[in-house]
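What follows is chain A paired twice: with chain B in the first complex and chain C in the second.
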Partner chain A sequence: MVMILGVDPVLVLGGTVAVALFGMLAGLVFMGIERKFAARMQARIGPPIRQPFRDVAKLLSKDSIVPENAIPCLFNMAPVLALASSIVILLYIPLGGFLPVLAGYGDLILVMYLLTVPALALVAGGFASGSPYATVGSQREMVTMMSYELPLAIAVIAIAWRLAAAGIADPFSLATIAGTASGITIWSVVGPLGIIGCVLLLIVLTWVTPAELSRVPCDTPEAETELCGGLLVEYSGRNLALFYLAQGVKTVAMAALAVALFLPWNISWFVALSPNAALAADFAFFLLKILAVIFFSVSVIRVGMARFRITHVVSIYWGYLGGLGLLGLVFMVLDAYIGGGGVL
Partner chain B sequence: MLDTYTLQTGTGFWDPVVWIVVFLVAFLIALAIWLLGEKDYRRGTQQVKPFLSGNVEPEKADVHMRAGNLYWGFTEAMKGYYSRLVPLHTGVLNDYVLWFLGVMALVFVIVGVAA
Partner chain C sequence: MSENKKIGSTYSIPIGPVHPALKEPILFTFKMNGELVEEVDFAPGECHRGIEWMGMRRNPVQIVHLTDRICGICGVSHSLAFARAVEQIAEIEVPERAHYVRTIIAEYERLQSHLLWAGVAAHELGFDTLFFLAWRVREESMDVIEYLTGNRVNYGIVQVGGVRRDFTEDQFPRIEASLKYYEDVAGKLLNLFLEDRTIQMRCKNTGVMSEKEALELCTVGPTARASGLAMDVRYDSPYAAYGDLDFTPVLPHQYLGLTNGDVYDRIVVRLLEVVQSVDLIRQCLENMPSGEVLWEKKYPKILAACKKATGEAVGRIEAPRGECLHYVRMDGNTNPQCWKVKASTYSNQMSWLNMLKGEQIADIPIVVASIDPCMSCTDRVAVVHGERTDILTKADLHRLSVEKTRRLAQWS
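This part shows the complex of A and B:
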C-alpha cells in the first residue's frame, strides 16, 4: 500500500468522492422526504420526493445572474466553498457501521468548527451580493451563528467529557463516541443522572439543528416575507443550485452528528449477521435514524413554529438552551462523581 | 491511525494536511458541478439590477452596514449585559491593569481552592 504523508491516498480520495456523492444524493432525497412530512402535517399533498432533484436540474439550466453591485469572484466562489466545506464535514462523521473516512485525522471539536464554514461561505456570498436585503441577511446569519455555538459546544463537550471521565481513550474521536469499533457509547457509560443529562443535551441539539440549517424558526437570515430570501436574494441558476446542494449535505451531516452523539446503536450489535449483511443492515438503520432526526428537529419544529426575531434567536439560544445545556452538563458531572455511572 | 502529521493536544487531534487535500478534492467536485450549469446571463440589462421589491435603489452610503451595526441583534438582545460592561471600558490604562490584576487574583484563589 502506497502511503503519502502517512495517508493512504486511494482510501482518502476514493472515500471523499464516495461520501460526496452519498451526501448530495442523500441530502436531496431527505429534503424531498422532509418536504413531504411537512406537507402532510399541514394537510397538503406536497411535492413529490424527487422534487429537489428537479429543482437542482432546473437551476443548473437557468441564467446564473451576477448583479452589477456584486463582487463577482467572491459571489461565484461562495456557493462552491459552501458545498465543498459541507462535504468535508461528512468525512469526519461515522456513517452507520462505517468508520469515518478521516477517522484519526480530526475530532469532534474540528467538526464543530467545520460546521461554521458553510455558514461563513453564505455570509461572504451575501455581503458580496451588494444588495441591502442580502447584507442584512448576512448580518443576521452571523448573529445566528454566534447564538447557537454556545449550546452546541456545551452538548458536544459534555458527551466527550463524560466519556473521558469513564476512562475511555480518545473521547473526542467521533469513532469512539459512536462506538463504531468498541460498541461502547455514552448510554452504556452513564447512570440514571447521566441519562437525564443526555436527554437534556439531546433536546438542546434538536433545537440547535434548525438554527445550524437556517430552517424555521431560525430562518431569520433568509426571511422570505421581509428580506425576500435575505442572503440568497441575488442568487440564481448554478450558484443557487450549489447552495441548495450544500444545504442538503449539511442536513445529512448535522443529522449524522446527532446520530453519532445520541443514537449510535447498530443492528449488528443486537443481531448476529455476516460482516457484509451487518454493514448493509447498519447502514439502512443509520438512514432511518437520520430520517428520524430530520423529522423531529426540522419538520416538526418548522411546521409548529413561526419565525423568531433575531433578538429572540439570541435570547433563546444563549439564555434558555444555553441554560438547559449547562443543566445537562451538571447532571453529567453529578453522574460521574455521585450518580453511579462509570468513572475511571 | 494517528501519525506524525496529526496535531495532538492530548485529547483532541486533527491533521491539517489531510484536511487541505480532501478540501481540494471536494472543491473540485463542487467546481465540476458548478461548471455543468448555465454560465450566461444578459449583462447590462435590468436583469443585473439588485432586487429591491420594486423600490428605488438607495444611495450606497445609506445602506452600508457599519461595523458598529454588524452584530445588531446580538447586542440588542444582550443589552442588559452590554449596558453594564460598556461603561467599564473607560479607556484609562490604569483601570484595565487593575481589572487584570483583580481577575488574575480571583483565578488564583479559585484554582487554589480547587487544588
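This part shows the complex of A and C:
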C-alpha cells in the first residue's frame, strides 16, 4: 500500500468522492423532502421531492451571466469554493457507523472554522457581484455570521469540555463525541443537571441552524421581498446551481453535526447485527436522524415565523441564544463538579 | 459599481420598477446609510394604460364596464363611483333594492381586498405560512362573488341606474354560510396576525405616521384611519345603502386602546374592517327591500337619458383602499366631455416619504405595502412621445391645471 504523508491516498480519495456524491445527492433529496414538509404544514401540496434535482439540471443547462460591474474571477470562484468547502466539512463528520474520512486530521474546532467558509464564499461572491442588493446582502451575511458564532461555539465547546471533564481522551475529535467506536456519548456521561444543560444547548443549536443555513427567520442576507435574493441576485446558470448544491450539502453537514453532538446513537449499539448489516442499519438510522433535525430546525421554524430584521438577528442570537447557551454551560459545569467529574 | 457609488457613507439603492417587494411597477430610489433610509424618492407612472382616454370616446354604459378594468381588486369601487357620477348628472333615480345589492357586493369586495392585502403583508414580512392562510380564507369571498355575479374579478354588475343582476332570496343561504365562515375564522385571523411575536417585532413602531401628518398629507381610507383620523366616505357622506346601516369608522384604539399610526395599526384596522364588512352584509340582507334593481331595463333608454344630460358631477365612494373619486362632465353628447379618476393610492402615496425616512431596508417592503398601493388605479399620466422625460414642479402643474380649466370653460 502506498502511503503519502501517512495517508492512504486510495482510501482518502475514494472516501472523498463517495462523501461528495453522498453530500450532493442527500442534500438535494433532503431539500426536496423539506419543501414537502413545509408545504404540508402550509396546507399546500408542494413540489415533488425530485424538484431540486430538476432545478439543478435546469440551472446547469443555462448560461451563467457575469454582470458588467462584477469581478469575474472572484464572482466565478465563489460558488466553487462554497461547494468545495461544504463537502470538506462532511469529511470531518461521522456519517452513521462510518468514521469520518479524515478522522484524526481535524477536530470540532476545525469544523467550526470550516462552517464559516461557505458563508464567506457567499459574501465574497456577493461583494464581487457589483450590485447594491448583493452588497447589502453580503454585509448582512457577515453580521449574521458574527451573531450565530457565539451560541454555536458555546454549544460545541460545552459538549467537548464535559467529555474532557469526564476523563475521555481526545474530546474534541468528532469521532469521540459521536462515540462511533466507543459507544460513549455525552448523554451517558452527564447526570441530571447535565441533561438539562444538554437540552438547553440542543435548543441553541436548533436555532443556530436556520441562521447558518440562511433560512427564515434568518434569511435576511437573501430576503426575497427586500433584496430580491440579496447575495445571489446576480448569480445564474451553473454558478447558481453550484450555490444550490452547496446549500444542500451544508444543510446535511449542519444536521450531521447536530446528530454527532446530540443524537449520536447507532442501532448497532442496541441490536446485535453482522458488521455489514450494522453499517447499513446505522446509516439508514443516521439519515432518519438528519431528517428529524432538518424537520425541527428548518421546516418547523421557517413555517412558523416572519423574517427578522438584521438588528433582531444580532440581539436575539447574542442576547437570548448566547444567554441560553451560557446557562446550558453553567449546568454542564455544575454537573461536572457534582457528578464527580473531578478530573480537571 | 456604478449604481453603488459611495458618496461619503451613503449609497443609493433602486427598488423597482419591477421588484419582488412591489406588486405593481413603481420606481423607488433610496439614499441609504448602512441599513438606514436617509432619503426617499419615488416615480410612479410605469403602469398607465390610457383608460380615461378610451372612456372619453365611449358612452357611459360602455365606460361602466371599462371602469371594472381600472383595478383588478377594486373593480366595483370604480364602476360604482362612475355610475354615481353619471346618475347625478342625468338625474337617474336608482331603485332602493339596487342600493342594497351594490352595498353587498362592495362589502364583499372589501373583504377580499383586505384579506388579499393581509396575505401580501405577511409575505412581505417573510411569513409565508400566514400568506397562504390569508389567501385561503380569501377564497371564500371570491367564491361568493363568483356565485353572485358570475365573475371572480371584474364583476360587471354595476350599471348606470342600478345593477345588472339581482341577489335573490334563494342565494341568501350561501351568503349567510360565508358570513358564518368569516365570523368563525375572524378570531383566529386576529390572533394569528396581531398576537404573533415576530409580526409585533416587525410592525410595531414601523412606518409611523401621526394623526397630524395623516391630515396634512390628505391620506384616505384605512391608512388615515390607522393614524386615528375618523374618516370614512361610507359614514361621512353615505351612498348606496350605507345611510340605513348602523356602523362607525374602524379606528385602531377600538382594539388596542391607543393609536400609534404604525404598520401594526394598519393591520388592525384592515382586519377589523373584515369583521365590520361581515356585519354590514348581514344588515343588508336583513333589511333588503323588494322591487326592481335597474332604473330602466332597456339600455337604449339609459343611453338616451345620458345623452340628453349636461353638467358635471363627482362620484365618491369608499373603496377598500380609501376614497375613490370619479369626476364626469357631460355636454349633451354620447361621450362624456371629461372623465377623471382619482384612486385612493393617489392620495396616500405621498405619505411614503415620511414613513420610510429613518427605517431599515428590511422595513421598506412592509411600509410600502402598508398603504395597500394600487399603481394601476393611480397612474394617470405617461409620456409616450419620444425619450424625453419631463419633471413638472408644483408651479408647472398649477399653470397646466389653470390652462385646462380655462379650456374646459371655453368649451361649455
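Please note the rule applied: the second predicted complex is superposed on the first by the 338 of 344 C-alpha atoms of A that agree within 3 Å, B and C clash if a C-alpha of one lies under 4 Å from a C-alpha of the other, contacts with A are read in each partner's own complex, and residues count from 1 in each chain.
The rule we apply is simple: contacts are C-beta pairs under 8 Å (C-beta built on N, C-alpha and C of every residue); 3 or more make two chains touch, one makes a residue touch a chain.
Note that the coordinates shown come from a computational prediction; the quantities given were computed from them, not determined experimentally.
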item: Partner chain(s) touched by A:I310 [first = chain B, second = chain C, both, neither]; value: both
item: Partner chain(s) touched by A:C228 [first = chain B, second = chain C, both, neither]; value: both
item: Chain B versus chain C as contact partner of A:A43, first or second or both or neither; value: second
item: Touching partner for A:N276 - first (chain B), second (chain C), both, neither; value: neither
item: Most chain A residues touched (candidates chain B, chain C); value: B
item: Touching partner for A:L245 - first (chain B), second (chain C), both, neither; value: first
item: Which superposed partner A:G130 touches (first chain B, second chain C, both, neither); value: both
item: Chain B versus chain C as contact partner of A:V216, first or second or both or neither; value: second
item: Common interface residues of chain A - those touching chain B in one complex and chain C in the other; value: 69, 130-133, 135-136, 139-140, 228, 310-312
item: Contact footprint of chain A on chain B as seen in their complex; value: 1-6, 11-15, 17-19, 21-23, 25-27, 29-31, 33-34, 36-42, 47-53, 58, 63, 65, 69-74, 76-78
item: Interface residues, chain A side, partner chain C - complex; value: 41-44, 69, 130-133, 135-136, 139-140, 216-217, 219-220, 223-228, 303-312
item: Residues on chain A engaged by chain B in the complex (per definition of touch); value: 5-7, 12-13, 16-17, 20, 59-69, 76, 79-81, 83-85, 87-88, 91, 101-110, 129-133, 135-136, 139-140, 142-143, 146-147, 160, 164, 170-173, 228, 233-234, 237-239, 241-242, 245, 310-315, 318
item: Footprint of chain A on chain C - complex, ascending; value: 1-4, 11-14, 19-21, 32, 34-35, 122-130, 132-133, 136, 196, 198-199, 201-202, 360-365
